[in-house]
Amino acid sequence: MAKTDTKTASLDRHGLSDDQLREILRNMLLQRQLDNRGFQLNRQGKVPFALGSEGHEALQAGAAMAFHRGRDVLAPYYRDLGLAVGIGLSPYEIMLSIFARAEDHNGGRQFPNHYSSKRAGLMSFSSILAAHIPHAVGAAYALKYRGESDRAVLCTCGDGTTSEGEWHESMNFAAIHKLPFVMLVENNQWAISTPLSKQMAQPEIWKRAAGYGMPGRRFNGFDPLETYDAVNEAMDRARSGGGPSLIEGTCYRYLAHSTDDNDMTYRTREEVREERKNDPVPRFEAILIEHGVMSAQDVEAMRKDVLRETNEATDAAEAMPYPQAADLYTHVYEGAWQPWQ
Amino acid sequence: MAVSSTSAASTLMNNVEAVRATLYEAMKNDDRTVILGEDVGARGNVFLITKDFIGEFGERRVIDTPIAEASIVGIAVGMAMEGLRPIAEIQFADFIYPAFNQIVGEAAKIRYRSNGEYTCPLVIRTPYGGGVRGALSHSVCVEALFYHVPGLKIVAPSFPADVKGLLNAAIDDPDPVLFLEHKKTYRLIKGEVPDGHYTIPLGKANVLKQGTQLSVVSYGLYVHWALEAAQNLEAEGLSVEVIDLRSIRPMDKSAILQSVEKTRKLLIVHEDNKFGGIGAEISAMVAEEALFHLDAPIRRLCAPDVPAMGYALPLEEEYMSSPAEMAQAMRDMVRF
Amino acid sequence: MATTITMPQLGETVTEGTVAQWLKRVGDSVEKYEAFVEVSTDKVNAEVPSPVTGTIREVLVKEGETVATGTPIAVIDEVGAAPANAPSAAPAAPAVPEAPPASAAPSAPPAQTASSNGARGNGAGAAADADAVLRGASPAVRRLAREHHIDIRTIRGSGTNGRVTADDVLTAARMGPSAAVGQAIASAASPAEAAAAPPASKAAPPSGTSTYGEPIPGTIVPLNQARRIIAERMVESKHTAPHAWSMVEIDVTNVWKWRAREKDRFERETGYKLTLLPFFMRAVVESLAAFPLMNARFTPDGIYVNKDVNLGIAIGLATNLVVPVIKHADQLSIKGLAIAGGELIDKARRGKLGVDDLAGGTFTVNNNGANGSWASAPIINGGQAGIVTMETVVKKPVVRDDDSIAIRQMMNSCLSLDHRVVDGYVASGFLADLKRRLEKMGPDGAL
Amino acid sequence: MATQSKTPLKKDEPSFERHGLTDERLVAMWRIMVTHRTLESRGFALNRQGKIPFASAGEGHEAVQAGAAMAFERGKDVLVPYYRDVGLALGAGLTPYEVLLSLFGRAEDHSGGRQFPHHYASRRLGIQTISSVIAAQLPHAVGTAYAMRYRGERERAVLTTFGDGCTSEGEWHESLNFAAVHRLPVVFLCENNEWAISTPLTRQMAQPDVYIRAAGYGIDGAAVDGMDPIACYAAVKRGLERARSGEGPALVEAKCYRFLSHTTDDDDRTYRSREEVEARRKDDPVPGFERTLIANGVISAEAAEALKRSVLEEINAATDRAESMPYPLPQDLFDRVYADGWQPWRS
């Protein structure tokens, strides 16, 4: 769990411009706002389900900044709202997913936050943990096979997923073939109710890198800039033929796993309150203000703008129609789908 | 129904409470019993079925596993081979596929491949089924993927009292049992559950409603809907018999045949998709055993042949049948 | 405008929720997305944010109270509702977003076409299966027909599109002869009604079961129209016409031989089977000529003696009986009677009898023998003077006039008569005449 | 947390640190190796004679298996092997006759002639039944260890084995991770023979050492010369003792080599050169350990010859006896599907 001192926070921009820094903050604010909106809509009985990613904002905004739009491929998991927005999905698209409307990328078939967008280079994935990692490795293999040396695959998962056999199989394969693949673990300490201590016997996932013969690195996932640096380094190495990396960003899951979960059954308010002290969003606001990248008023205006955008996206998406019953039968196979021919 | 019941009294509970009460009893009565699965500990399972178990029975017997389904089942197989009575939980049936080899290739073959020297008394519990807005990965029916497998037993109760009796039987069973619990019935279905220990033998169906004009065979959530439809049809003067299979493998052949030979018509209703589903086996069996009693083609009312129900409500509704749809099918069959 | 807030479904399998605490009281103002109530379920505890900005008008559920998801829990008076919010203003079913007009589509035709494309293995799909099957009888029907020696083609189906059901077969097997007469009454008494009867029985009750189907103990088997008419006519005939009964034993050995010699050629030439019936009918019409009062009917004004001899034949069918009539039977030879009878029986089995076929009978013949009956007391077809039966033919040792004993083929013939029209004297004369004529027939001669 | 006890991998001369093994036990260990080797070639011979359809081969694994077997405590520990563990099975108490019953698929075989050759199971000896599915046995080993720990059977531990190819399986990872989280009494012994059928180690993993993965799980890891039976004995013994004393699992990697094809159905000429195989034959542990024992005066050359002869005679007799035994009956096919009869339909 990343401890960081808010007061004397330094600003190592790792070559990022003021605009990029502001973009990172806006992404963080937007992610939090959209996250909350999902929970709110559920509590209003308007959507049956929503997932939260509060606490992942810095990690995802920083990682998104290292992603080359239109070139790289993202294979995320279901807690990556910020990454999705960071690589180009609009709040409206997020809301379509939450409302399961016909216009949604998946035509309202998938759970919320299970995005897919060829345009954005975002691979489709299921709710099954680690099932997407072999896919990501396969995609990386394809990139290498076609000699697309300027492209790499960014794949994310939580700490719990590292226990899956497919995680291991994928890491090993990526290493053997030196694939342009970056395994970014968003270690938020909790797999629904299972703490990291019950997930693995030693707490540092990055240490497994050596066993596969690939570089590993651990970084503070509450710091978007350190995150950017770690992800950027790994992606650059992948793009330049340096092979895969296993990088681990530490953060914390502030909300329950989902709207179906009550985290107070397995962890204490105190623990969460303690972690809230390191909340990356206000922390990064403070840093940008402290270093004159933005004024307090600028931040306030940005927050208002984000809320407006979220409200508009919510209303617009809600007003869209559901898919039709007939849509259940489409895209089963190419062409006719009856089992009897 | 209740065999060897030690008490006449009963308690009203829903299916979650019935599973919970039965597991609790099993943990209390036999310290060889351990429960392992994702989030079964402090969280008490995502449906709160094992709530507070870890406090009472401790972490050695209520094991929060890493997210690794193949090893959840595989480790339980090892425990069973070495004399424990593990109850493995797959959090959602949709997550069971990584464990497919451990269930089909290992658990179901331990006794056979060791020529009886090793056995695998193991219960694998998993919530399945739709109607809960579970989308592609929280609503599948998996029974047809497993009912082809000799060495494995499959149970799918629908009523709290059956849940208790059959789960007790599954736990006592000397062979691996896949115990399917329908999510939608978890809190929707309430019923009186006899107190005390009792078992319901696997492979015994339950005739929920007598009828003379049509036999309806089902299991899981649809049993309740089929029953509702059949009862409503009484008003139209239609006499429909409803059979709850309760266990899918072994399956109660005589109950099905007796009913079909009486009514001469068979409608099979299940939530799983039709092609290669449980209904296919029942149809084949009845065609083999009772063809000359049939006065109408056997009919199966099942899910369409698509990979899953969608998340959006219309997609789920289109995938699932409804009591009204079932009633119409029953009318058509009786009038045929 | 007012917005009703319902208990949200907080969790996949949750069906109810408990109001843990009201964070706002009646009259309090609330912002959109501001929490106003805390709800707890057995899965989660959650603060519910308001869908609108406004003031709490009503609180419908007390703290600690548990209600099903979707139950209204509060009403909020909305202020300055933005149009975009309008859809969400109406009460929301739990977990179901308000359906804006366009999203009503799921229940629209596309859905139907989709689900009725056979994919579900129901609806149109099954209907198609049915059509194929209706071309043949079901396995159960075939089995039952075989077991009861019944020709399925002679049964009128009560199932969909006239399909012969297993119950139809069982009914046909169970049909008693006496019903024939009842139906005969139904048919003959009033041509119109009689003609209506068979179609009526074709239109079986919606349940699809035959009225004559296996009776369920403790239940009422509903009447179809044919049954009702038969019942009425039976009662009417029994009440209005005082029945008298008589029986003779007839030696039909020679007729039998004659028939045996002729039947193959006859069937070859005409396509109809040659039974004992036409010989019997021939004898009957000759006796009716000799005893015209037997071919009459009772009226308040007196006894009307019919000009023509129109002979009714009772024919049992699966679901009912019909009594088609051979007009001017007295003008037909045995062969003619055989053909005319054959045609009518054929028509009856194909359900092709018309009003004319059923109307105008003056006397009725009922062939019980087929069913092995040895004696019966038929009920007179209302409006006629009598009805005569052919019972089963059995070989018996018989003492001849010369006291010799011979094995002969004997048949009983029973007569019911309307005692208002004739007395026993005439009736026994008629029977004796019938007996003499039959015993004179054969073993040689032309049909 | 992970302590790497690196045993020096000497290729020239096998080490002769006895690690407390008496002369008798050293000879017993070598006898296992000789019996193992003889049975391996017997399996191939019977196959080439057309007497049995199949045999898999463990030549080159004699040292690691004999060494591990000496560390295995019969009647207490549980062995969860894989299909190349003839030597381990013998060391755990299985007789050559039982091995040959398995090769011939006779009714008397532990699996009643159901299983492939070398898929042994014996409750008496604590050898668990396995399938041919790579890594499927590892969760079983972990579950077994959990059962021991759960019942507080402190003096017991589980020894489970696998090849280098197995380490790529998800269940391998899941098993090590779970065993680590619960500190279970289980030793994972990797018999790294550098070949997974035709796949060389370089295509199996990006770096050559299996044991260093132990660190990623927070368990003890060690590598030993798999051609040195004493070194293997020491490493496995250490692992099992740590396990029994509650110090949790260990990952032991024994570097050996597969001299023969994968099975009688495989021809290794298609994927590796004779030169490579011949070069590695120089390290053949069976004659190697014989030399060591003679050189160190543990056994005389004559006694060694006598031992080899007696082993051969024993195996010849066992072969004839096993071959003369009947096959299972057709109706045996229906036995033991369930405890209570096998029909899926109930009436």
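Note that the chains are named A, B, C and D in the order they appear, and that numbering of residues resets to 1 at the start of each chain.
Throughout what follows, contacts are C-beta pairs under 8 Å (C-beta built on N, C-alpha and C of every residue); 3 or more make two chains touch, one makes a residue touch a chain.
As the structure is a prediction and not an experimental result, all values here were calculated from the model.
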{"item": "Chain whose averaged C-alpha position falls nearest the assembly-wide average", "value": "B"}
{"item": "Longest centre-to-centre distance from chain D, chain (CA-based)", "value": "C"}
{"item": "Rounded Å distance, chain A centre to chain B centre (Cα mean)", "value": "37"}
{"item": "Separation of mean Cα positions, chain C and chain B [Å, integer]", "value": "42"}
{"item": "Averaged-CA centre spacing for the pair chain D and chain A, given as whole angstrom", "value": "45"}
{"item": "Junction residues of chain B, two or more chains touched", "value": "48, 66, 68, 70-71, 98, 133, 138, 304-306, 313-314, 317-318"}
{"item": "Where chain C touches two or more other chains, by residue", "value": "12, 43, 95-96, 105-106, 111, 114-115, 119"}
{"item": "In chain A, residues with contacts to at least two other chains", "value": "48-49, 100-102, 163-166, 198-200, 260-261, 322-326, 328-329, 338"}
{"item": "Topology of the chain contact graph, where touching chains are joined (line, ring, star, complete, other)", "value": "other"}
{"item": "Which chain pairs touch, all of them", "value": "A-B, A-C, A-D, B-C, B-D"}
{"item": "Touching residues on chain B, where the partner in the complex is chain D", "value": "34, 60-61, 63, 65-66, 68, 70-71, 73-84, 86, 98, 101-102, 105-106, 109-119, 150-151, 153, 174-175, 202-204, 249-254, 285"}
{"item": "Complex contacts: residues of chain A adjacent to chain C", "value": "37, 40, 42-49, 99-102, 256, 259-262, 264, 315-316, 318-326, 328-329, 338"}
{"item": "Contact set on chain B toward chain C in their complex", "value": "16, 47-48, 132-134, 138, 183-184, 186-188, 212-213, 236-239, 264, 274, 291-297, 299-306, 313-314, 317-318, 321, 325, 328-329, 332, 334-336"}
{"item": "Touching residues on chain B, where the partner in the complex is chain A", "value": "38-39, 41-44, 46, 48, 51, 64, 66-68, 70-71, 94-95, 97-98, 133, 135-138, 275-276, 304-307, 309-315, 317-319"}
{"item": "Residue numbers on chain A that touch chain B, as the complex places them", "value": "48-49, 100-102, 106-111, 126-130, 160-161, 163-166, 191-194, 198-200, 260-261, 265-267, 322-329, 332, 337-340"}
